[in-house]
Amino acid sequence: MVCIGVVDTTFARVDMGAAAVDELRSLMPHALVKRLTVPGIKNTVWGALRLIREGCDAVMVLGWVGPTQVDKYSYLATSIGLMQLQISTGVLVIDVTVHEEEGGGDERRLKEIALDRTRKHAWNLVQLLTEGLERYAGKGLRQGYPHAGEIL
Amino acid sequence: MVCIGVVDTTFARVDMGAAAVDELRSLMPHALVKRLTVPGIKNTVWGALRLIREGCDAVMVLGWVGPTQVDKYSYLATSIGLMQLQISTGVLVIDVTVHEEEGGGDERRLKEIALDRTRKHAWNLVQLLTEGLERYAGKGLRQGYPHAGEIL
Amino acid sequence: MVCIGVVDTTFARVDMGAAAVDELRSLMPHALVKRLTVPGIKNTVWGALRLIREGCDAVMVLGWVGPTQVDKYSYLATSIGLMQLQISTGVLVIDVTVHEEEGGGDERRLKEIALDRTRKHAWNLVQLLTEGLERYAGKGLRQGYPHAGEIL
Amino acid sequence: MVCIGVVDTTFARVDMGAAAVDELRSLMPHALVKRLTVPGIKNTVWGALRLIREGCDAVMVLGWVGPTQVDKYSYLATSIGLMQLQISTGVLVIDVTVHEEEGGGDERRLKEIALDRTRKHAWNLVQLLTEGLERYAGKGLRQGYPHAGEIL
Amino acid sequence: MVCIGVVDTTFARVDMGAAAVDELRSLMPHALVKRLTVPGIKNTVWGALRLIREGCDAVMVLGWVGPTQVDKYSYLATSIGLMQLQISTGVLVIDVTVHEEEGGGDERRLKEIALDRTRKHAWNLVQLLTEGLERYAGKGLRQGYPHAGEIL
């Protein structure tokens, strides 16, 4: 049975983890979905590693990043860590990251972005494990925003 | 017996290490808590590694970062190092970092932030080793500041 | 038979992957060209790793990067990841990256840059696998722009 | 016999290496102190690695960094490299870095900073190898500047 | 026989590779000098790795970096990659990097900087493999510019 891991945080202000679990179960009813919640984005590398060691074939990492420069350095360090993790394990890790300033001060908008991005990346992950994404190459797909589309 | 490591610095202006040890002992009376003090944040990777080699199952790293751009690069390098350390050892490392500008010039406030963040992350670490944090997912928890809360 | 991998994204707004496959097949008719499409630039490290594990001798990574500072950190993290991948596997990975602001707001121009850069780097990859690039050393070659030329 | 390595540079404008060797010999008369000089900060990772392979139990790295943004990126890359080196070898590497702008244009002041920082970090290294630094935790110790002190 | 590798690029606007090969042959007539040209700075990590696998005992990497922020991130990623390469192989890699803005708009000046820096770092590499650089420690040596000198 395919196992898909979901790592989310208590720092996030939207329950992206629940949305990811729902979407993954809906798209892959026979997969085992395992969820692990950590405090913040910098802890997601350890969280993903633990789920990989428990047998997950792919992991979604759901991060929430504050608006300051220090927050962005934490994002950068985490992104580098998630790349290293994939290189050392070979397991796909798709990160879904929401940056607090994306809402432009509108919390409802921010929540919509977070949920849309989570669901679309759940679909991306499932596509990568099944039919692939080749037919969507260069189509300007976006998560959290409307698709930008292909330049014709 | 579970062993929890605490790495702190002589650079810090608050004894975060003592606060972490107290909190961990209070939350996990049967755990062995080991403390190692290093000069500054860039030395915490080595400190955490040494405690891991001595058998610690999880490590808290307590960092204090100055306000300049060079200080922030040191923070970034350390954050990247702590991720690599977790990938290569599999051991959880929770870093608690205080940035000197967070106090807004008020030393008392800075000390409060440092102690609150330390205690809350000690709790996070213990939760991760015991019952998990899943029930707090997406709740907008903060350390050093009031919780931001979930967007409803 | 030589195997060349092509990793592209659904985030890109131009089908750089198809252009790369065409150019590689034209330049190396006997090579096996394998293509894998991933969501965005941060997933290309995993994509390239998978093609390397499937036996590719070299990989082209076709990335498309947004204009914000966060996008640039994603570019930086990916670039670091692709270096690590090459160090740990020994396989050549040439990345072709388009930054959305390069078009100066002109989508047609942006598409031209993307296709020119893709084709020229396909040629670079083939040269590296065959005759080498030594005769072009220091010649100020550019991809996506006119050659800058050697300073005489 | 304990072996302590010292890596310094020809780029530095102060003979920090000699100061480090003197201080280490004074503090640990029975230690073997080995010195290796490299061109600049980016070469110190290789220098420290060589001394570790020759048997050093700890290494001081003495770096001098120019004032430009590119210089700071070199500092960042070196800092990341020194962390990785410690993770892969387990050997303590204390870096002592002087940034040219610290002198505020006063060369004499810059030299004082460099020598004070070098001597204090030599003491830090010896403490870490002997009695530890726990009694100085959270005391706001500084190198190159007066101690900031603990917030009471 | 000692083997020294030289990695240069087609992106560079000055034939730094030829200058490095000449200087190395002049300084170490009995060494085998191997040259490999790659497209740009981000490919130098792979180039250096290949020369190391072919038996080179030390490698010079000759990079040319554009003036934009994205170019500087490419420089940073490459610098981090070259550190990792040295840690994983133990082989000395000296990078000689020219930043296009260093010429201040004067191409002739830029060429002089590139050639002076290349030759001086070739000498540095040879010194490191033979007599060492200890006698020049803290002397404020510069490459591409006049020596800054020691602060007395």
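Every chain is named by a letter (A, B, C, D and E) in the order it is written, and numbering of its residues begins at 1.
Quick note on the criterion: a contact is a pair of C-beta atoms (placed from the backbone, for glycine too) under 8 Å apart; a residue touches a chain by one contact, two chains touch by 3 or more.
Computed from a predicted model, the values in this text were never measured in an experiment.
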| item | value |
| --- | --- |
| For chain A and chain E, chains touching each | C |
| Euclidean distance of C-alpha centroids - chain B vs chain C, Å | 40 |
| Centroid distance [mean C-alpha coordinates] between chain E and chain D, Å | 25 |
| Residue list for chain C, restricted to those that touch at least two other chains | 76, 80, 84 |
| Cyclic chain order when read starting with chain A and heading to chain B | A, B, D, E, C |
| Chain B contact footprint on chain D (complex, rising order) | 72, 75-76, 79-80, 82-84, 86-87, 90, 92-95, 99, 121, 124, 128, 132-134, 136-143, 148-151 |
| Partner chain E, residues of chain D touching it in the complex | 8-18, 35-39, 42-43, 45-46, 49-50, 53, 69-70, 73-74, 76-78, 80-81, 84-85, 88, 107-108, 110-111 |
